[in-house]
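So, here come the structures, one by one.
In the two assemblies presented below, chain A is common to both, partnered first by chain B and then by chain C.
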Partner chain A sequence: MGRILFGVVVALLFTFILAPTVVIALSSFGTSEILEFPPQNFTLRWYFFALAKPEFLSAAWNSLWLAVVSTAIATPLAIVAALAITRSTIRGREVFQTILLAPLVVPSVVIGLAILLATSRIGFGGGSTRLIVAHVLIVLPYLLRTVSASLMRLDPLAEEAARTLGANNIKTFLLVTLPGLAPGLIAGMVFAFVISFDNVSISLFLANARMNTLPLSLMSYVEYNLDPSVAAVSTLLIVMALVVAIALERFAGLRKTLGA
Partner chain B sequence: MTALNCSNISKSYGRLKVLNNVSLSINKGELVTLLGPSGCGKTTLLRSIAGLADIDEGSIVLEGRDVTRTPIHKRHIAMVFQSHALFPHMSVADNVAFGLKMQGVARAEREERVKKALSLVRLDAYVSRMPHELSGGQQQRVAIARAIVTNPTALLLDEPFGALDRKLREALQVELRRVTKELGITAIFVTHDQEEAVVLSDRVAVMEGGVIQQIAPANEVYENPANEFVASFMGFQNILDATIEGVADGQTGLRIGDTSPCRCTRAIGDWSYPLCHSRRAGRAQARAGGRGDRRHGQFADLSWRAERLCCRHFGGADCGPHLHLGRQLQARRRGFCDLRSLGHSTTEYLREKNNAYLIDPSPFPGNDRCCGPHHRLPRNRACAEQDHRDDAVRWRL
Partner chain C sequence: MPFLSNRLAAVLLVPAMALLGVCLAIPLYYLLNFSTLTGDFAVQDLQGPTLSNFSDLLTDSFFLGVAGKTFLISLGVTAAALVFGFPLAALMWRAPAVWRSPIAIVVLSPLLVSMVASSYGWIVILGQNGVINNALIALGIIQSPIKLLYTDLAIGIGLVHVVLPFMVLSLVAALDRIDMAVSEAAASLGANRARIWWHVLLPLCVPGIGAGVTLCFSLSISAYVTPAVLGPSGPNFITTLIYQNFVSLYEWGAGAAMAFLLLVVAASAVFGLGALTNLLAPSRRRA
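Then we have the complex of A and B:
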């Protein structure tokens, strides 16, 4: 009895999570000029339409670039911070950690607004630098969490063993610590990439005409148009995420990288 | 030749002095055990030698090179930990090759040496396995191979077999001793297990309170402890308060309790004496012509190893060395002793396993018949007679 109930709850939960995705994916193939579900006929027309649209393409390129750059900057920062937090005995480690993890708790609208106000006040603004800084800030907690988790599971004695065998600090880090961190690091980087790529609320405050991101351009597009090209782009993004997840599972073991 | 010389090492954690002016000198090719209860400073001493812990005072000289301030990776030592501490992302071969890579040994030679080291620990067949695919004992053997392959000036082992089951532990002890002796590696082994120390070492350093209480060959520590701590730590469970009654003709008269005089007779050979040592004067044995201050009326602890004790039925058959205890102390209560023996199992085990690397079995020469295993005697209540009805030795208490 309990098992049946449990099954029903789980099924409902999955339906709730997956149904919108399925709806979007299906409606992206519709022939009608307006998003409809279920679609009457099937066509790939909206995919070609969306991929031919320069505003989507340049926004996608911007988003990709932004996600890659902010992940690349945040990753070494997260490693250093995680080392300091889990391995060192410096005072105020907890405070330090709390501050770095704060973007998880503080609403991102607040962060976006705060950065906008602060950067315009000190005259450091415009351009993409501001956007990158903000994105580094919001992806850092995800990296920090996963990296610290794998660091805590790493045997510090292995590092000591490496030192006694003649490896200096740098070699010990590169040959022993870093490979041990790899699963957590890869998972964290994927998270960071997705978080940055997806972000609307912060980019909304900080992006400008020259530096528009894909989620923003999709948002502004649906304000005036409701054709299935938006659904087509969304479906492409979902497929991309799925491919990454499957690849992770295949090559690194997603479960393992997530620390389960 | 001295491989390692530690002089006057002191170290404190806050107010706690964990090493107190420790000096230790180890010869090349020697295997020395640091033995002691937890918190005695043995691991700290080992980590100081490795460079993993800084020392406050003193100096460490490795093969003539003062390494007191040398960073870990330049000391050319190798360490084996209790948790094997293998690199989880590297294969067995890569783990073992790590130290050689750090030394910049060329690939061909590296592969050759890795192969040799792995065959020394009998893991030839596991070269390409990953550490997590091996059993606990195999992992530890890889760790040993990884450590010896670089030909370190000193091999440091921090309770490496502590997490393994008894049988595996004993097998690895024999193997470790064989490997280090074959390669002539200087090794320091930390353990809290007396048996392990006795089986493995050329010399045992018994530590307590940040001080080396005694450093001597295993037999010596086992048979002739320097003080009461060493005696009790090495399993002298029978310690009786006694008073010296007089010394004459190689015999020390002892009074146990306050009633009876007892004679400690020195019989055949040096090994067969009940041990007496005084609390005050360090070593004062009942050995004939022994050193030490043994004056009439002085207090002494009479202690002996249970398996070495031979009791003669009063007026009955003589069975070698013996300890006469006064008739007056014959007990009012009867009881049987606990039949266990540290000494016997160890030597016999090694005797079977590997003749070449025995610790000298002579401390226990063929008097198994009358020498009973371990037992406890209540303080001040001496033992009495042997029961010949069966092989078990019974003590009437």
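Then we have the complex of A and C:
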């Protein structure tokens, strides 16, 4: 009895979790001019339509570039900070860690706005530098968390052995720590990429016509149109997320990567 | 374990701390600074410092209405996520090894799916000709479509979907720390499943509940995409109101003051709930 009830509850919750993605993916194949479910007939025309739209293409390219650059900049920062926190006895390690995780506590709308105000006051123009810097700031805590967790799971004896055998800090890090860190690090980088790629609340205040991102351009497109081309782009994003989820689960463990 | 000298560790912390100082601390200073200015922001004719933005906001019934609504929706969303999160966490905790990966992928995937994409899914489900209305009409429960989309309820549904994985992650983390011998002991002393959950596992989950509630509540009050896409038109949430003040109204002083208040509420939620959790947790000693 209890088992059946539990099964029903879980089935309902799975439906709730999967419903929006399944519905949007299926309705992207409909022939109708407006989004509808279940879709009538089958066509790929909205995919061609969306992929031929210069606004989506340039925005997708911007988002991709932004996510790659901000992850690439934040990764070394996170690695060295995590090393300092997990591999030294410096005073106030917990305090540093808390400070470095602070961007998670500050609502991202507030971060975006604050950076907008500061740059407008200082007179540091629009440009994409500001957007990149803001994205580095928001992905840094995620990277720091996964890298610190991986470092804490690594057996410090291996590093000690390398040091005893005469390796210096850099050699120990490159030959012993980094290889052990790799799975967690790569998982953290992938997650950071996704966080930056999907971000809306920060880019909202910092992007402009020249440097628009994909989620923003989708949101502004839907204000005036509700044709299935947004569903087509959304479906591509869902497929990307699914590939990422499966890869993270296989190689690093999804829970370990996403969890606190 | 520690092999880095303190001096080297300090050097290694510099880049990240510098980024935080330049890109977070200084901007937050300017946010506070702008929140004390009044005047015409379009032509930079400004007066201040003054606290009038804050006092105006705290007596402005429209602002208080939106802020109160944001608070209540977030509270409801957090409660719903807690109720929905427990069965999913229990499932992830006890599932046979083969099922763990698929379950984790399904339950945690909303974290990786673009919020914009899943919001559009909710538009198709909740709309006038949407899945739910069509189903209810086909079943003869209602005659004409009911308004679900562009309501506060739609914001709530969309937000529960967004924050649920965070709740599940926090709860599973807590369940994983529980020594199975504890619940076995309760079972051998004659407790049934319900009693074990209520009297043994639930109290031990308090740290996870606290972490999940904190995370879900602060994510909810600072959400932008879900209210912007699914909510009633006009400023329907604190974040959309802040955005409107900046982009359409050019009320930078009032907008900065609202953002500052949002920051204060979010930060006090994190620290307050953290302290409350510590107080309620049955024991902080490790098993």
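Everything that follows uses one rule, which is that the second predicted complex is superposed on the first by the 245 of 260 C-alpha atoms of A that agree within 3 Å, B and C clash if a C-alpha of one lies under 4 Å from a C-alpha of the other, contacts with A are read in each partner's own complex, and residues count from 1 in each chain.
What we mean here is this: a residue touches a chain if its C-beta (ideal position, glycine included) is under 8 Å from a C-beta of that chain, and two chains touch if they have at least 3 such contacts.
In this text the structure is predicted, and so the values were computed from the model without any measurement.
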| item | value |
| --- | --- |
| Chain A as common anchor, with chain B and chain C clashing or fitting | fit |
| Touched partner set for A:L51, first chain B, second chain C, both or neither | neither |
| Which of chain B and chain C A:P215 touches, first, second, both or neither | second |
| Partner chain in contact with A:G180 - chain B first, chain C second, else both or neither | first |
| First (chain B), second (chain C), both or neither touched by A:A158 | first |
| Contacts of A:K171 with chain B and chain C, given as first, second, both or neither | first |
| Partner chain in contact with A:V69 - chain B first, chain C second, else both or neither | neither |
| Chain A residues touched by each partner, larger count belonging to chain B or chain C | C |
| Shortest span in Å between Cα atoms of chain B and of chain C, once chain A is used as the common reference | 8 |
| Chain A residues contacted in one complex by chain B, in the other by chain C | 160, 163 |
| Of all residues in chain B, those that touch chain A in their complex | 50-52, 71-79, 81, 83, 85-90, 98-99, 102-103, 143, 146-147, 150, 156 |
| Parts of chain A lying in touch with chain B, wherever the complex brings them together | 155, 157-158, 160-168, 171, 175-176, 179-180, 182 |
| Contacting residues of chain A [partner chain C, same complex] | 2, 6, 9-10, 13-14, 16-24, 27, 35-37, 76-78, 80-81, 83-85, 87-91, 96, 99-100, 102-103, 105-111, 113-118, 121, 133-134, 136-137, 140, 144, 156, 159-160, 163, 169, 172, 191, 194, 197-198, 200-201, 204-205, 215, 218-219, 222, 226, 230-231, 233-235, 237-238, 241-242, 244-246, 249-250, 254-255, 258-260 |
| Interfacial residue positions of chain C with respect to chain A in the complex | 1-6, 8-10, 12-13, 15-17, 19-20, 23-24, 26-31, 33-34, 84, 87-88, 90-92, 101, 104-125, 129-131, 161, 164-165, 169-170, 172-173, 193-194, 211, 215, 218, 221-222, 224-225, 228-229, 239, 242-243, 246, 252, 255-256, 259-260, 262-263, 266-267, 270 |
